[in-house]
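Take a look at these structures.
Both complexes below contain subunit A, partnered by subunit B and then by subunit C.
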Partner chain A sequence: MDARLRRVTREIADCKNDKTSSIKIETIDESPFHLKGSFPGPEGTPYQGGNFEIDIVIPESYPFQPVKMKFITKVYHPNVSSASGAICLDILKDAWSPVLTLKSTLISLQSLLCSPEPNDPQDAEVAKHYMTSKASFEETATYWTHIYAGGPGSKDAKQLNSGDDVAIAGLEHTHVDRFVELGFPKAKVVDALRRLNYRGNNIRNIPDDRVIEELLK
Partner chain B sequence: MKVKIKQWNAVAQWRWDTGNKDAADDEEGDVCGICRVPFEGCCPSCRVPGDDCPLIWGECSHVFHMHCLLKWIGTAASKQQCPMDRRPWATAERRVDNAPPPTT
Partner chain C sequence: MSSDYEFSDDDGDYYDDGDMMDTQEDEDDDEMMGSYDDFKITPKGKHKSYEVEYESLSQDAVEQLMSADVEHICGIFGVDRDAALLLLRSMSWNKERLIEKYMDNATSVLCAAGIQVPEPTPETSRPHSTTARRSTRSTNKFLGLSSASKPKSPTPPAATSPKSFVCPICFDDSPDLTTRALVCEHQFCTGCWATYICSKIRDEGEHAIRCMAEGCHIIAPDTFVRTVLSSEDGDPEENALALSRFHELVVRHFVASNASLKYCPYPGCTNTVSCPSASSKSSLILMVPTVSCGARGIGGQSVSASQVLEKGGGLGIQAKEHKFCFGCPIDGDHRPLICTVARMWIKKCRDDSETANWIKSNTKECTNCLSTIEKNGGCNHMTCKKCKHEFCWVCMGPWSEHGTQWYSCNRYDEKAGIDARDAQSRSRASLERYLHYYNRWANHEQSAKLSIDLYAKTEKKMEDMQVTSALTWIEVQFMKKAVEEVDKCRMTLKWTYAMAYYLAKGNEKDLFEDNQRDLEKAVEDLSELLESPIEPETIPQLRQKVTDKTVYVQNRNEIVLEDTANGFLEGRWKWNAVVEGFDEPERLEY
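This part shows the complex of A and B:
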């Protein structure tokens, strides 16, 4: 049995035997090197109440090369791509060590949700939102947890299967409506305002001309 | 009657003295952190545990199978650091003057 297989098999078994841990690791197909991890969102954060699934790929030279992980569950966080789930975390790159395990790495991802690092972002737009208005950022992150991670959502969010585009983008309905009334399609307005980080105090720096210029692109 | 010994099998138990007296309480204590095989077993590249697959101690007091550690130090990613504490790896003198292993 090769070293990689032996270690991964042992890690999966150890994780299963640990009844006190909230971290789960399971196989998704016949391959022992393509796994799915999951953990609950940390309490006291916008991710509380959600269950977050992680795609895990064990590289050929594991544990001498870092394990590859990305979010399957969509998550609104400066260090996670809102589109692809790619993660910016040092231990998944140059700070990897072979004594790290699948479980300890998943625990690190869980704590990344507690402590965003907006200065080293994976998703620049989300990081800007975080720095401009933390309250508005947290509202959006909570909304994403409700609709994508199975968090305890409001009744409205559950009724709307696809969710509310404006809330998903972390924008205000009043702002979006103002430009929709000028005759621009709603999806385009949401896109433009998200790109411009049309939130909180930043709105003062964005004249309507600038928005319209972006909408005419 | 005269007994002539034609053959004998030595039966003994041994364990590496890793200086970890609380090994029983600490699940991780007696496992090589790199391959996660107990120190009493050999590294994944070897077949027989024992002197052919020795342990290596760092100045920082961390212990690994020597083969596992050398494999890690040989990668560019290691930056020649101890996998546990990321301090520059320095091999310690093998300690032979240790207290006897616990009798429990």
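This part shows the complex of A and C:
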């Protein structure tokens, strides 16, 4: 039997048999080389309570070349692209080792959620948000977990309707409303404030003129 | 300046076929056939001022140089060849730095080079993976090894077969499974090792192959790689390819780390050129280090220059000499222009030429405010968006003069119109100037590309001549020589246009352009002769003419190259743009 197939089959079986682990791997179609992994968000983080799904593609030369993984579930995290789900993690690139398995890689992703590395970001805007105001970042991350990963969400988040684009962007309603009152469309204001990282202490550094300028672009 | 014929008459006396063949061979000897064992270049006669001294080395010769370094390190540190090789590779072959660091702290150098397992430090593994990943690191074999002791050579790569072993990679647990490990003692089955090493070498082009265990920094030494790839695991053909690629990668790393060596950039060629005189950046503003690795042809069937001469072939792309610039990545010969300026030119061409051409053919400038305007429809009555000036697109004169003759212009000679067109052309001068040089540069480039056809045609002609006249094979070689010369001179001409574009106005530039013009005229004359039809009765005259002209062209080319090269050495050339390594131009004027 093909060594790659033998290994992948064994890995999937091992994962199924392991009742204690919260990591799940399942097939999407007949191919054993395109899989879906999932794990619960780690406790004590904004991702708690959510269920995160991962798209797994096993390359031809696996396990000698790293497996390709990306988030299917939208995640608000500095090392995960908020648009595409692409992940910045060393073991998925040059630090890959053939002894790593799908399961251990998924565990690494889970622990990546515990310990963001904003200095090596995949999503620069999210990383900026994290650096400026961790509290506000966590609120947004919780909100994303709530609406995209089925998490419980924080008290604040529960009060909001799901799909609130101001909260998704990690902004405050009062700030957005202030510029909307000036006659700018809401979507545009959200976009501009997100680009400028109009959050927490950073607001002091951004004069209203700068925001208007960005809005008029 | 003397006319062509005077010149060739002077030369005609000593120039005959015998001489011609001799000179050619001498040149080949000089340029290509250096002694391979000797790294240091021994002066071989006087070089022309536009030539650099260099030597071509085969992969074997470079491996010998590497060996010398390795032996040196073996001797000093008392380590084996594998360790010395890894040490040198980890320090980019900088022996001095290696010796200094090794004397300072041998253990840390050995660990950094992936030869020795570092002593375990309080857990500092990557934060991503702290929680749940279990460590696969086994007991440390070199724990407590004193820094003075000699690092032990890796576990003999002989495969062992322990009882009840499951390979952690392929999950194979058959009892006859054989395993291997590096000094770190991470055991894996031999099949996985072979696939892994093959994949690292062939897919990633990696010569530093780490142990497969997670987070292990031990690097597989040469002997290990060789043993694995020559064992019976995996496809023997793939393994052999990977092994030769591995040797090449190590050689390439050595060459890339050494400023006075450069790998031949031609595809499939494995030669190296050594050119110590062009190894520093400052030397590159004084000369153009055009070198050749000595091989010819493209792809796997590279042949040495001597083989080409023996076969008597040597025309066309198959026999193209591997000429390249030692100082920059431009392929081919960019003499007489130095690398920095040649790169400036190439960049400018890439960025500007199409845009400039488009602007030139599709736009005009408003005669009042000089805004560039594209007319994309409508009538000839233009109103400038910016300054509201109204003018006629055809004659460029103010529209007011057109009176009631809307939509047509028959006033081309009106004074105002002429003035307006003059102003227009002045504002276009710099664009025109650039295109003047660019078009000539591109023209020669195009001609050089077409030379492949010319080669084929000439070969045909040479055959015809042997049939229709009594000339022998050796006697028709003058045609081949002429074609080669034309090709060579076109390269020179091409770059003289790039150079002229950047040269500051002055007597020096005038002289340069005089030389350029003479060469260009001579080359065009010779090209014409080569294209002329062959009549059996005029072959002797044609032969005389072509031979004379070839010598003349050769001389003109020498003059351009030599004068320019001397100019660089004397610091005679001044630029109209800022060039790294030169004084700023006094004023930016064309």
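Following the convention adopted for this analysis, the second predicted complex is superposed on the first by the 207 of 217 C-alpha atoms of A that agree within 3 Å, B and C clash if a C-alpha of one lies under 4 Å from a C-alpha of the other, contacts with A are read in each partner's own complex, and residues count from 1 in each chain.
Convention: contacts are C-beta pairs under 8 Å (C-beta built on N, C-alpha and C of every residue); 3 or more make two chains touch, one makes a residue touch a chain.
Note that this is a predicted model, so its numbers are computed, not measured.
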Which superposed partner A:115 touches (first subunit B, second subunit C, both, neither): second
Partner chain in contact with A:2 - subunit B first, subunit C second, else both or neither: first
Partner chain(s) touched by A:98 [first = subunit B, second = subunit C, both, neither]: both
Contacts of A:10 with subunit B and subunit C, given as first, second, both or neither: both
Which of subunit B and subunit C A:65 touches, first, second, both or neither: both
Contacts of A:107 with subunit B and subunit C, given as first, second, both or neither: second
First, second, both or neither for A:43, with subunit B first and subunit C second: neither
Shared contact residues on subunit A - subunit B and subunit C: 3, 6-7, 10, 63-65, 95, 97-99
Subunit C - residues contacting subunit A, complex: 126-133, 136, 168-172, 188, 191-192, 195-196, 199-200, 203, 212-216
Contact set on subunit B toward subunit A in their complex: 33-37, 44-45, 68, 71-72, 75, 77, 83-84, 86
In the complex, subunit A residues that touch subunit B: 2-3, 6-7, 10-11, 63-66, 94-99, 101
Residue ranges of subunit A touching subunit C (in the complex, touch as defined): 3, 6-7, 10, 61, 63-65, 89-91, 95, 97-100, 104, 107-108, 110-112, 114-115, 117
